[in-house]
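In what follows, subunit A forms one complex with subunit B and a second complex with subunit C.
And then the complex of A and B:
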């Protein structure tokens, strides 16, 4: 068995099994907790919990004016690499085929060179993000090992993907194997670190919205 | 040499013109990626060279590799190769059989000790003392070891000889291995393919005869001149790949428009061979040109890499059960964790209401 076979076979099987296990464990562990546990009466005239939840999700997509000045770069850069990742992961045809093979659903993709360009922007944006994290005193203070591991797990698939597409550094089959292995590592780490925010951000923002709405606070 | 005449003498006797030799030398120079200036030197040394004694051994194979060479659509090439070499032993092609054939092999080995080339097609079975393939009372392993002992070099022709090929595919009932796994003290050149391209066989033999040395090989023992690029690197459908235009089935609009075959399982991106440049049937076409994706036949274990029709970027088949087990365990753990948390919550609220009551 060569490296590519190992990556496409046992490594991916293991990673996806861990991913399914960990993600469902954490999601159900949270979602099966009792709902609506706030015992105090809601403030008079406060919106329904559902609309507060929605508002919590939507409003938090954009920072308040006061935070814009200090956090503008973090905010914009965050959008760049998140959107970049979404485009590269979900609109590159080989990736769509991977998803189709797993879940049977597919959609049209983008030309490979567009994906390549977006991939480069994403990589640069990710590097800017980690540089910012490591140089900003406040961010450095609140960063934990988890933050750095999550960054590495995100960056490696982007880097190896770009190298594979451009045939840089090694033979294509080695690069593509390393790319798949890095994705496998991403899947394994995903449920247990901060990457899980890809699923949890919806619920945490919704809960913030509900709590604020309940107290009649402005979001 | 079994034949004291030079290649030049033989070609002259057979009425092959000097011009034809030059043309062949030019072809060889370009096929082996040598500078054009090399072709004159090649022509000269070819003419002066002795014919290369070749012992061709056929083991666990289908004869497709021999067919590829002898039925190549470029008879001049085929003629040229048979003019360059003295094929002293080839079970399929030689007229004699039985003891006479074996004697021919032993005689060629004796007379050309240290100078003859062994070409092997087919894999070598090792299981159960190699009983699965034998001839003249000897197992393939014995014949190979005996013949390779005094050889100049070995050329493994076809994926079976180079990497075990189809006989070596799972579950490999005969314990088939490649020639390179047995012969460790001689240069082994692999020319894989199922079958290999005739020009790659001919070019490699011609290089050996001309330069008396092994051409540059890649990490899998293949001549870089023929196996230096992937099919994908040289594929004429590549612009469609780059534009994201893919055939989704073999008779859809995309297939009719000649779009990239990645989605229908093409393994061109990880397959090193010269099909896209030298092509087949005398340069007429190659699998991708005729509408079928590359199956990766010049790569080790191509038979065991999942379906030919499954895209390269998908996981190999057989992982459904593992993921389902992982998901089931995740559901159980998640539900269990939530249940425990709920119990703690109930116990806590009972405790606090008791305290409040007291």
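And then the complex of A and C:
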């Protein structure tokens, strides 16, 4: 078995298994705790918990202008790399074919040169994020090892992907193998660190949405 | 009590005799004990983006990174991961997350108590929707159990346990009420066996703001309501809610609600106090295991009902005013419109502060901070943010609906020789009742 076969065979399946089980374990470990739902009567005319939850999830997409002064870069840069990652991961034709092979579903993609440009922007944005983390006194103080590991796990697939597409540094097959291995590493790390926020944000925002909605308070 | 300093020079207070390990374990248990799904989801969701720093008046006023809201939870986050999180057994086995040391807790006393007013502005800034303020409140439960709370809060705790109020023994309550009645020429009702409205008070009203006691009476009498103060249940500020003593919180909550039930009151009116609203309006059901047979409303909601129902008429004040939004009432309580409605009925044109309503900046004294002298320097710094906004708004008057905010802002004004009176909405209404 060569490196590429190993990467898209056992390595990837192992990673996906860790990802699925670990994510499930962590989510259940949180959601199976008691919910403590005994609450004082809701404010008259307050929305249903369901719509408060939805509102919580949606409202938090955009910061209040009051917090923009200090948070503008974090907000803009955060949007850039999240959108960039989503575009590159889900709209690059080879990725779509790969997903089709695994799960049997597919959708149309974007031209490669567009994806390449988005990939470069994403990489630059990720570098800006880590530079900010390492220089801002607040971020330096609150950062954990997790933040750096999660960054590496996110950055490597982008980097190896860009190298593979530009045939830079090694044989194409080797680059693809490294790319898939970096994605496997991403999946293995996912349940254990902050990458989990990709799932947790829904619960976290919804819960606060319900708490505030119940009180008739604005989120 | 012993006042100490950590090796890094941070002041803290310690209470009770406990070994260091016991102290640490008590803190961990106190925090982790009630861990539910909501707190856990919030402990797990932080992406360390730092947005919350921009919301905290203590960070904004000082630029000190330690005041970043999520940083105030650090030892408790560690405890959570080691003892309660989904991977806790693995972390313990591999020794990845070490035990929290007692020194760390001592060092964090300053951040959890002196530098947090539980104002909840950070919650509004967090893109993950983490209710940071609520988590800090839960961290205080652990700190209380470990005997690691500031001396002033401990003193108020002891006094409340002994007297039923941090301000005065329950035996003296009726006298204070009657004296206020005489001083301000208002008929007072106290300890009536039956009444529709039970009116409760905050400590400031039993000392500095006694006029408030008479103001409520004046309005209630004018409306012809059946109401009373009551020596068995008068203290609504609930020190246990903010110092982390959950047993005291339960006791103080039960005391006022049980008294309301006993006298057959349908409505319990909370004083102009933000934390009273948080404790009684939103958390009381927790101690009763379900709905309470009494309606709990804040003084501001009572005033809104009074003016909207037309049961009292007000003289028009031809003035502009800015309103300081008490955090527990507005941001965390949802009572944003009521004070503005009442001001409107007074003929006051509201000139909003730059940050107002649910995004208003805290007075800097909530959560027991104003009572904790150690916090004076940062409290004054935070006050400057407010002062700037008030000056920029340029209104004639400055009004609020929380006695603690009023005291904090008045102390700030005095400190900076700032010539602006901080007025009470209740007092404005009482002083302007039309015949």
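In this section, the second predicted complex is superposed on the first by the 209 of 219 C-alpha atoms of A that agree within 3 Å, B and C clash if a C-alpha of one lies under 4 Å from a C-alpha of the other, contacts with A are read in each partner's own complex, and residues count from 1 in each chain.
The criterion applied here is as follows: a residue touches a chain if its C-beta (ideal position, glycine included) is under 8 Å from a C-beta of that chain, and two chains touch if they have at least 3 such contacts.
Keep in mind that this is a model prediction, so the values were computed, not measured.
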| item | value |
| --- | --- |
| First (subunit B), second (subunit C), both or neither touched by A:201 | second |
| Touched partner set for A:34, first subunit B, second subunit C, both or neither | both |
| Subunit B versus subunit C as contact partner of A:168, first or second or both or neither | neither |
| Contacts of A:105 with subunit B and subunit C, given as first, second, both or neither | neither |
| First, second, both or neither for A:141, with subunit B first and subunit C second | second |
| Touching partner for A:93 - first (subunit B), second (subunit C), both, neither | first |
| Which superposed partner A:25 touches (first subunit B, second subunit C, both, neither) | both |
| First (subunit B), second (subunit C), both or neither touched by A:217 | second |
| Residue contacts with subunit A in the superposition, subunit B compared against subunit C | C |
| Which superposed partner A:13 touches (first subunit B, second subunit C, both, neither) | first |
| Subunit B/subunit C common contact set on subunit A | 25-26, 28-34 |
| Sites on subunit A touched by subunit C in the complex | 25-26, 28-36, 38-41, 43, 46, 56-57, 60, 63-64, 66-67, 69-71, 74-75, 78, 133, 136-144, 147, 192, 194, 196-197, 200-201, 203-209, 211-212, 215-219 |
| Residues of subunit B touching subunit A in the complex | 230, 232, 241-244, 246, 262-263, 269-270, 300-301, 304-306, 310-316, 318-319, 322-323, 325-327, 329-331, 333-335, 337-339, 341-342, 345 |
| In the complex, subunit A residues that touch subunit B | 1-2, 4-5, 8-9, 12-14, 16-34, 93-95, 97-98, 100-102, 109-114, 172-173, 176 |
| Touching residues on subunit C, where the partner in the complex is subunit A | 34-38, 40-42, 44-51, 53-55, 59-60, 65-66, 68, 70-71, 85-87, 123-131, 134, 281-286, 289-292, 296, 330-336, 355, 357-359 |
